[in-house]
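Look for chain A in each of the two complexes below; its partner is chain B in the first and chain C in the second.
Right, the complex of A and B next:
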């Protein structure tokens, strides 16, 4: 799976699960999600479950946070690195 | 050539540490504006006397540090920040405490040394588990020293600062050491533990090590980082000033609740007092921005929370992140097999339990004892239940989120506002419970208000208006109407004029405005309000911040008070006694007390030699009082007793003799005993009893101490009250005072009556004079209850010198910044006023003149 595909999947999930009705154009690759408060801790954990199930990776507790999950780009980079 | 460094994350924007030319851009215009803003901030700290004097000095150090830091090459900035932080420790502990010099420097060295020792333990060779074990062992030893089981050469002033440096930072540091990809540099570790303003703020935001490390010059525009810091520091000042307005004008105690309006005044302000914490945290993190740390904000419009989970996310964000990192996420990952929602709710409960435990742990390091109070347990329990319920609801139903706040409809916004009002109201109730020491008093306030009904309509209207304002602000915020970032120059265009306007309010020239608008005067009041002054009790955070109460040694360091500034009782001129008064001044002795010579006459008074019996034709007046009457801090011939004596003799043509029976630390308890045992034997024609606003509490405190010391209490009323209150020698003084509280009025009336009766029996004229100290909380009219007690006690005259300091800046009348006894000018003002009420036409003692009115042989 390419990084672009990973990011596209994540983007679709976020729009559907957390931002229903949102103009998709507002969600860019680098749109801050955790630091801006769009994703709170509950949403972050839901997202983690999605990432683990969809991309067959397992996240350790210390990997959950802004440094890896604050934007679609960071998530893409992190998942790509872990899958690779 | 560009210098590349590791990527870093902050504020949702992943940036790459730029080349020197990107982060090192020099703009003299922006530099000048930043220095101007920082200068204004320091003017505000000075003018409003914000926090401690030590913080002002640290602020000046930061000003100089920033001025240099700005021009340093990128690689030199972090080591420079470390040096500045160490200098801050020495500045506060060492150099500025003149009398400490050697001792202060030694203590500062201990402080830095212990912190470095812990950093070293974290990096010892060996397994991670071994290093954690060693840190735990060292921490246990430190705890034993803290409680006094193990002795040490460390001053008590060290502990709160050491606690702030280590108690949470070590946990996060070890956590990240285990997980970080790269080993931290020495300068990063030292900067983290010694972080510049820590030495002034025992209650410090729990800064995350990874965030701290990665935020350093992570923003591509360093001027934006500096400017954001300045905005936060100014915002912090505003929070602190608002705190003072609330603290001095709105707070009432549970006992004062007699209506619904009172109940609202009792319930709402405790939560508003949290402004002090958010204000300090804004200042602390803002200051760190000036040295390149582009850290996230610590609080985000927490009064506008629209749910309990939202509240948890907005208030003390660093704590929430700390809990998420070390408790919530690891726990959830282990539990998620039981189902997402269950794991979330369970871990929310665990987070609150750990939060409670760590608050107790924090209390231990800062205060030296554990906090085990039911209201504290219940507060966290109820908050845990509310947040858990919210978590379960949000996990199942989700919540409305959007990337474009402009798309939020007014209907949604108004719903948000309504929820914010409800959340605010519940938190207020909960917070008031947390802040109240006695659950019984809290419940009693509710039942009294329920039985009494309405009360003052103005307070009810104000409370409703306040709640509506919360709702409206929350609605506007949900539509993105509360704008944050204006850019560098536009921010400066707002910041500088606002700062200047505030600074003008703090100038001595604004004294007239402050006299006419009491709210403005409250902005400058840094001491306890009347309620706390009497009760010396506050909520959790209030207690932690009151360094002067929980750690006098540290307070003295913070106030830059010389260490040899001691109480008179601690000098060789005083000796203990086996009865009340339980200490007295030695006769014909001399000592240097706080830089002033104190000499006693043959009778143990700070006065000239006098015969036991007054000479014929001499008008003899005995003065009863404490250090205020004794003239603490001024030469004997310049105190108001000497000035009145000289002037009255000169103007009446009669030899007027004022005998100074004032002794530092004496209260009504001692005055009454002294009156019966000693004063009457000097056959005065009149006795002047000098009282202060808080005359009642010291009587309770000294009775509690007298019982604890098992001294002879000869007065029947005192013995009966002590017995009724259940006082025993092994009872802590604080608890004894609490038990005596219901008897406060009775005890005060008793000691006043004893003085008045001793006078009446011997035909001595008794005069009770209310004399405020030069303190803001003592200004204003005499408390009516105090006057009533004095009148009912039977004094011949009850006088009040309420306006004795009118037109003068109170601080200009203090002996020193750390000693608020009146100085020479203060004594002159008092002497003038006292002379007027005693000897002028219609004065309390005017009838004794001309001298023919005096009895031949004295009373």
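Right, the complex of A and C next:
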């Protein structure tokens, strides 16, 4: 999977699961998601499960945080590095 | 003669000096009782040098760490009151709390203290600022200047002296401080000791943050009995699979958290890991545990005793109920909140404050040594919180319950507009007050809807031109002013809000609108 495909999958998951009714144009690659409060801790947990299941990666406890998950771009980078 | 909460710790430090008191697996550190005693002495002396006197308040804004435990104990040893806030919450809210109760000193994470100090400056005399970096040497306390003399010298306190103030959501849009004495905490812990019989070999989890009343049991019951307490750091607390792994690796024997957290651990933790846990007690409190998830927890922990604990911050735990060995497949209704704890008395009363007949619904009121002193600096609110006065003073929980013939209480709902979610108390009015400050919102009403999965908070709002606002922008706005657990789950645009015949917002009608 390319990084673009990974990011597109993450984006549609977030829009569908956490932002029903949101104008898709408002969710950019660099929109802060955790530091901004858009995703709360429960949503973050669901997101981690989604990433683990969809991209066949395991996230260790110290990897679950804003440094890897705060935006679609960061998630794309993290997953690409991990599966590459 | 000192009889304070910290004396429980000092007594254990004398008996179990070499035993592990606190472990922080996230940082790979631990301290013995002796070492923690020494670190908390350094905090006490630092505070005293900074001008803290018995009866003063000391603010704590620190990530969960050995340093924060030493900060709590050192504050108590100085005869002062600790006031913990969420280190990840909005700085403006933390500053409001510290200003409200006029802290003399502030122990805060070095990365946050600047923002806090800037907010505090506007509100009069600034407290002494004591920045810590918890990842640094000596558990982050190496930089504190206690004067070098670390012989024990704790200040004696009266039983009715204030031990800590916990701020909870307030309906006026401002958090209010629940003032709790050494007597309050000690009577609760004495009940816990009798009910749960902790041993020095036990390993407690500390999942709840220190500004949350569940932490009193984790921290002080373990220290009282010479047991170890394992800190569940903010990072692991976001990872349910990781929490099950941590409980396994650390051989946790007593776990205490909200049902929401246990539900996630049950749903995401590996069943093989669950089966190998050393749990002998699983305690939960703070909200209703949906039975379908409790059933799974029961099946995964066949050897543990499970207790549903109930109580507002004002009383800490005031009722308890043991979950039977099997949760029947057909059961759908939640388990009772149970019997009133032995150190307290409870009554179920009607609107006029008269006891109701067995089986009838009424408000639960509680009296006894576990009940708070009052709200900080809010004499009227404090008076309203009680039925009666003097020694015949009953705390009104605001919760509607029903008692059966054996005095077992079942929770029915709330009297007012407060809801509990993930263990946190949320005044819907505080969320409304925040959203009214949004420049593009003209009218707003916030409701809570409960179903078998828990509580959903929904904001109904109107805008000047009827345009829907971006969900991302709304949540970002809320999170800047409110703790994340208060940010609504759903936002719904309305052309108008329903009113009752007396022209009040009709929250009930809104609950039906989805």
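Throughout what follows, the second predicted complex is superposed on the first by the 84 of 84 C-alpha atoms of A that agree within 3 Å, B and C clash if a C-alpha of one lies under 4 Å from a C-alpha of the other, contacts with A are read in each partner's own complex, and residues count from 1 in each chain.
As a working rule, contacts are C-beta pairs under 8 Å (C-beta built on N, C-alpha and C of every residue); 3 or more make two chains touch, one makes a residue touch a chain.
Just so it is clear, the structure is predicted and the values come from calculations on it, not from any experiment.
Residue contacts after overlaying the shared chain place A:74 against chain B, while chain C stays out of touching range.
Of the two partner chains, both chain B and chain C are touched by A:22. Taking chain B and chain C in turn and counting the residues of chain A each one touches, the greater count comes from B. In the superposition on chain A, A:40 makes contact with both chain B and chain C. With both structures placed on the common chain, the touch criterion links A:64 to chain B and to chain C.
When the two complexes are overlaid on their common chain A, residue A:30 makes contact with chain B while staying clear of chain C. Shared interface residues of chain A (contacting chain B in one complex, chain C in the other): 19, 22-23, 26-27, 31-32, 36-38, 40-42, 45, 49, 59-62, 64-65.
Within the complex, the chain C residues that touch chain A are 26, 235-240, 242, 245-246, 260, 264, 268, 422, 468, 470-473, 475-476, 478-480, 484-485, 487. Taken in their complex, chain B has these residues touching chain A: 9-14, 175, 178-179, 210, 214, 296, 300, 309, 313, 324-325, 328-330, 332-333, 336, 340, 344, 391, 394-395, 398, 401-404, 407.
By the touch rule above, chain A contacts chain C in their complex via residues 19, 21-23, 26-27, 31-32, 36-38, 40-42, 44-45, 48-49, 59-62, 64-65. If you check the complex, the residues on chain A that touch chain B are 17-19, 22-23, 26-27, 30-38, 40-43, 45-46, 49, 59-62, 64-67, 70-71, 73-74.
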